[in-house]
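In the two complexes that follow, chain A is the common piece, with chain B as its partner first and chain C second.
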Partner chain A sequence: MRLHKKGLSTLTKLVREEPALWMGHPLKRKEDRRLLTGLGKFVDDIKLPGMAYAAILRSPYAHARILGIDVSKAERLEGVVCTLVGEEVAKLTDPFLQISSPPANKLKDYCLAVGKVHFAGEPVAAVVAETRSTAEDALELIDAEYEAVDHVLDAKEALKPGAPVIHEEVGSNVVFRGKWDYGDINAAMKQADKVVKKTLHFHRFSSTPIENNAVLAQYDKATGFLNVYSNNQMPMFCIPWVSFALKFPSNRIRMVTGDVGGGFGTKIISYPYIVLISLLAMRSGRPVKWIETRTEHLSAANHGNERMFEVEIPVKNDGTILGLKVKAWDDCGAYTRYEPAGATIWAQVTPGCYRFKNFQMEFLQVMTSKCPVGPNRGYSRMQHLWMIERSVDIVARELGLDPTEVRLKNFIRPEEMPYVTPSGGVYDGGNYPESLSRVLKLIDYWRWRKEQVEERKKGRLIGIGISTILDSGTNNFGQVKITNPENPFSGNSEGARISIDGLGGIQVALGTSPQGQGHETFASQVVADEFGVSPDQVTVLMGFDSAVNPYSHQSGAYASRCAVMGTGALLGAAKKVKEKAAKIAAHVLKADPESIEFKEGHAVDRDSGRKIPLWQIGNIAWVNNVLLPEGMEPGLVAIHFWRPDFGLPDEKWRLNQTLTYSYQSHAAVIEMDPETGKFKILKYAIVDDCGKQINPMIVEGQVHGAAAHGIGAAMYENFEYDEDGQLKSSTLVDYLVPTALEVPDLVTESMETPSLFAPKGIKGVGEGGGTPISAIANAVEDALTPYGVEISDSHQNPQRIYELIVKKRKKM
Partner chain B sequence: MKLAKLTQKDDLVQIRCKVNGDAYTGTVEPRTLLVYFLRDVLNLTGTHVGCDTGHCGACTVIMDGKTVKSCMVLAVQAEGASILTVEGLAKGENLHPIQEAFWENHGLQCGYCTPGMLMSSLFLLQRNPNPTDEEIRRGIDGNLCRCTGYVNIVKSIKAAAKKMRGVEVTA
Partner chain C sequence: MHFDGTFSIRAPRKDVFDVLIDPKQISRCMPDLQKLDVKSKEEFTAVVRAGVSFIKGDFTLNFRLVESEPPTHAKLVARGSGIGSAVDLETTIDLSDSGDGGTLMKWQAEAKVGGRIASVGQRLLSSQAQKIITQLFECLRDKFGTGS
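Right, the complex of A and B next:
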């Protein structure tokens, strides 16, 4: 027992020097020591005995019939273990589950192309060999013969009669067609002083984490288990896709993730690779590792949704926005995968931060001969919010008002919270006017406005752009019932387990499978407060292992959900453990369980002040159980699954699609060179509000990261295809991820308006809503006011800007 | 009949070099990149691969006093070289001041770019012990990070510079 006492004296010492509550404290991250010393556990770091390596042959064509694939030469290469082609995959597996409604759900998606390739980069064959290099050598020995057929790269073109059909079994390229109609948009048009009209385009890009996709699969013949080590972001959500495709029992698939080198949504739809590598592991009888190359990632992992909008905005001359009428064409590439989820997820934030009630959206999602899309930081809302924030600035310009004035006039007011949007979203608190005024102060908006006028006289073009955007988190899967009521998904849930072992050690396991968001740290903080201990006394398991961690099939790190969902599950599990521990303590102390509280590593009787240490409670629960209260089950561990109170869509597709609605205001000041179309950011400021913060340091890091992604998307990153359907930016030479020289210093400030609905007033954070994409578009148009250039694209390509300037000059 | 492997067994070459102060000997195909020699032969998996064109910088190590992208160097070019990887930064349990500064200033999130970023930071601070923000940004412009937006990385390197110059730091 001396050991325990020693441990406890250290604990007591620690506690006295520590803050009253760990929640809200910028605690240094628990994950960092291993990551800083090269001891991180990423998929490619794992080596299993007898491991072999896979390489994938990909289609050079955007659309072609496969005439034949001859692997015989490859199979004869020394060191090659086995090969696999699409025809074999069609016999061995079932096509992946589709969540579209008929006829789009007839689409057949396999882990290797069967009969036809649908985009350049689609996998057509795979090789397993003793080494990575031998596997790659073998690809060159495969003879694949194709017959190219017409392809289509534009969503509107893909809808025309006679357009090439990507998937014949679907009959057309349409995935989803839907109409949302709230209020009375036609009446709003009639009341309007003016109807502002605009066509807008949101470009293709992706968050491109530095670690590419990776899978290591091992089929254990002895136990019949398929062990999959991957960096998938929702490893248990993809179980139905993997299990049905492989026709392999779900209860013998073990999914493991470790450290993950960034995800941002792009690692959600990697299940075709999980299935492919699993098949190769079964065929070869060897553990098989596959590490995606950067070119494979850029050309064939997933892109963000490309979207075109035709917008009509009825307004009053004073800047009041009466409604929004939109037609949207969403280009989801060659396969649907997670789509058509994106065709409804934008409606989490139907009116953005604005009060207008009249809203109409006709939404069409279309397939083209390009890389399939998938969730990407700010998934689907980013496109929609960009359209709204761009529209608000266009309204301001056309009415001769300052963009801040139009925003302040139309913002939902803090006293209207909780605010119900036309599509049934329930905003959980916030003060948008304050957020905007704070960011204006932070960037010194009115001084810049004056300077802009002065500088223009000297021929210097300054532009100021602002944007206030919602960053919705914790999605309600019920939204996918809009596209197909048969979809077996709704709500959201997460699991956590907390145990206090026989020596008093607290261990926590979560289903959240992080990719750098610091879940070990925030969970330690939450649990430390519950038990009155230091976060150092709480061990949180790293990564995720379905054989070890509790999970729901909605577990994972996506949709800015983990702080909220994880905390909900942790608080539930802590409550259960504490209730039982209190009963044991009360039994020992002969006290009332109701008067037991937990502080400084002890259970304390509030009435008498007498206490017993946690280790003693653990000892009784696990190995000294004769001392337990009569009839009590031994052990001191609890699993809790938490779910928010969500509903299903009504007949008008109204539902609260997400639990929390964080928001951010961004302000950018840029300087434009009209001779080149190139511009630089002079100053960038952000005010974020994600409710109560568990760890402000981590929150600020998320705000920085999301802003950098938005800045990269607005200024540099673009997936462009040539007319043959070849991706022009398939390496980091052409796909311009911003470096430290391109991302400016970011000035940030936080507000903390507690969520009205989420545990402890927390709101999700991380995605950032793609705010810089509109702030920068607005700044560019503002800078070019003297030329009257209108910005209708989300990507501010200097060449295109220059062309727009030249066009205007010709007219001047 | 088996087709002969493109590299014959007798083509294998032996590499002798020092990594983090320890002498290593390993046998590789001549085409093996230094990063795979470090990761697969020496089991030093701290050095990461993020691209195939030398742009991401996750594989940055210090070879004979200069940073190199170890995916752009053949293992045979490291014959006789002295290499420092992320695993060689800490002294036992004591972290290098740059590692401490990254920890204290939240200079990392997913940690995948971090090893390369640390090596570039070290190289920068060895040449320029008191860099400006602009010099820091230039010093790490060969290392991509997708999580932090570089803000806290710049802050970390500034703090590390102070630590290494012996200036008292309050994090």
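Right, the complex of A and C next:
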């Protein structure tokens, strides 16, 4: 473990350790037994004595003044405990913290709408009742009177003079305006043989966790504690939002999470609901539970960022990309609940996998009368990388080159690693050409290219799309200082505790608050290797409880960080426990602590071969402590907080925004029916590289999940609003989520390029960067080559494709 | 959503107009009327049962006669809510002589529906609204026994 003394926290190359026993093993997930047998512990499984239920009245208007809300009839309904409206919330709470710069940070956001509603679905009143059905019935008895005012649904429209202003206190709809400028984009334009221009649109969709948001709050009058059981995925990160809003001391808020049915980012910004349900619990004097419905989730939880791009790409005729000039309009909906973080997070992966040095981005983030956005698997990078991967294909088409050729020409080379990007990102190793070559082989690319030509002659349209995308993980919160230097966040940190009890039992607690990713499994593998035991002998606490688990306020499941951050913290805690255990063992064995190793449940003296079991060390440490070395404190437990070595943005906003940069290459073969615009996937292949893998089975599950999510986004999932600002897809009948029937067989392969900076050479995995969205867009355009159809949208809706075909046919 | 229509009625304009501005007469043509509360000549509240597909429930609609130029023109606005939804309706009616002693009635309606009904029943909403509104005017026409 000397290795760790030196520098997990420095950006120096690490020497690999000896091969470990459990790391790299596809151990079956410890969590699955309880989850598959119905024993999972979700928020809705918790029933507290005296518990009541909440239901929420929501705005039917996209933008309207609230003229009055009369709850008297609802309060008279038998079984109703209490009600709450926005005007009361404004008196009881402070507006939520904002992380924008002035004037956007003047925005007043409460857990219920105050004075005005800003999107259809916004909460305006709440009812607590003895049963959930009574609470929902009571909503029907609330008389809410509104006066509709003009709304705006398009980011560019929202910028025009005279456009409706969503939040008057901000003065306009602009949240953030910034310019990133590296190299010399104008010189690149002059050097270019050609400048390729394109307008692109990335659509709105979200993640669809199997479990919606859920909060159960209990205010304990005896202890003064507010106990919050929720499935928030950054429960301690949201403490400032909850504590300041409620004006309630942070050291008496207990946050508990259990099993969670997926988060994917959507459960990061559930703090308005935590505050609302807490207020209701305080008002009613009862524990109050609220379980979000699917329609509430789809229409008002959070959507992914919608983004429009105007792209200019200076290129040489041989396919060399000289730079990228982009204007982006990001539509963040009606509130900034995690924004404007998304306005900078794309810059984790500024050039994608490519070597060009000249880059300019003018970025505008704008509010509209739609559901607020929030982090969503591949948050902000996905939109940016889609734009880049789409652009590369457009360049190839315009130059008459094969898209693989353009990629291979422009990829960052493996020998250039660690590679510093124009915006200061430090890529921690990877071999993009190898990844692409492997995926081409997996899908049998050149055979399909030949077949495509032959089949076209018969009128059959085959399309082949490829995409190589970065999947950055473990963010540096210093990135939010770009949008507001005053933001009190930077770096990243995570906590872990390891104890060996008096009977030798090893217990582990982490701050990572899992959402279904298998943290109990990976942590037990990491710890088992440290102590030379089996993962079965390591118990990892399920879920998260701020009264039990160690945590930092950056703890949580987000940014593909848990394997890396959790392992960093676990290795630190293991080191501390092992150092002490080694001293105790050495004392008993009369050996040198430096020569003690941990093998097969024992501390072994390397020199003499003598050993004592872990349980005996635990026994001495806790209950037989007269045998301890002189002066040593009893106990065998350690907490460690680990942080990567991160910096702050410089004056040009250069910053390494994440620690690890996994990547994936995807290849899709599709067949298009030009008579309907509908297409099917014939073959799909993926090569992923997330560094050293702790558990290849979990990694593969993540790769599959991210691919299914991306395929869903590309082909099915789309949040569309009608002209009145009503969401047209607020149930699973209209918001189509792919099932096992829609997701094709995925042919996958892994590479393992160890991270140059992260512990054990591992890299984060899980988000997947939305790779299928570009692979499929590229395949659709490729299939439609005979028609010359250009794909500028990330959502491949058959109706739209058909319209594009018809338009081209008319011109033909 | 915009709807409009024209039909002729074999009755004099004045008679037609009187029916059109009489809350009791109009409300009888509303689908599944549950309750009517006439506040004045210009204002009344109707509770109707309506919905799209499986989402059905009571809507409380407050009607106001905002323009009245007997016997040629009337404008009625309604605002209401129910089952997590809101409805804003604006109807304009223009009457003219059809030449044969009858009346030509030209109507248009502008409806805005928000909330659960709009969101969940989006695909069915327009046809359902068209059905309800058309039925209402056909019912008014039929009150005079004939028409085309």
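General observations
Convention: the second predicted complex is superposed on the first by the 792 of 812 C-alpha atoms of A that agree within 3 Å, B and C clash if a C-alpha of one lies under 4 Å from a C-alpha of the other, contacts with A are read in each partner's own complex, and residues count from 1 in each chain.
Assume a residue touches a chain if its C-beta (ideal position, glycine included) is under 8 Å from a C-beta of that chain, and two chains touch if they have at least 3 such contacts.
Predicted, not measured: the structure shown is a model, and the values here were computed from it.
On the shared subunit chain A, the superposed partners chain B and chain C are arranged side by side without overlap. Panel annotation: after superposition on the shared chain A, the angle at the CA centre of chain A between chain B and chain C (CA centres) reads 70 degrees, nearest 10. When the two complexes are overlaid on their common chain A, residue A:Ala62 makes contact with chain C while staying clear of chain B. The larger set of touched chain A residues comes from B, when the choice is between chain B and chain C. Once chain A of one complex is fitted onto chain A of the other, the partner contacts of A:Pro209 are limited to chain B, with no touch recorded for chain C. Applying the stated contact rule after C-alpha superposition, one finds that A:Gly502 touches neither chain B nor chain C. Looking at the shared chain after the overlay, A:Thr731 reaches both chain B and chain C. Of the two partner chains, chain B is the only one that A:Ile698 touches; chain C does not reach it.
By the touch criterion defined above, A:Phe42 reaches chain B but does not reach chain C. Of the two partner chains, neither chain B nor chain C is touched by A:Gly285. Shared-chain residue A:Asp745: touches chain B; no touch with chain C. Legend: residue contacts after superposition of the two complexes on their common chain; A:Ala144 is shown touching chain C, with no touch to chain B. Superposition on chain A places chain B within reach of chain C only down to 10 Å, the least C-alpha distance between them.
Of the residues of chain A, those at positions 295, 731 touch chain B in one of the two structures and chain C in the other. Partner chain A is touched in their complex by these residues of chain B: 1-7, 29, 31-32, 36, 39, 44-53, 55-56, 58, 85-87, 89-90, 95, 99, 102-104, 106, 108-115, 118, 133, 136-138, 140-154. Taken together, the chain A residues at the contact with chain C in this complex read 57-62, 120-121, 139-140, 143-144, 146, 148, 295, 299, 722, 724-731, 734. Residues of chain C that touch chain A in their complex: 57-58, 81-86, 88, 112-116, 118-120, 122-123.
Of all residues in chain A, only 28-29, 31-40, 42, 44-45, 73, 76-79, 132-134, 137, 141, 207-212, 259-262, 264, 291, 293-295, 515-518, 697-698, 700-701, 704-705, 707-709, 711, 731-733, 737, 739-741, 743, 745-746 touch chain B in the complex they form.
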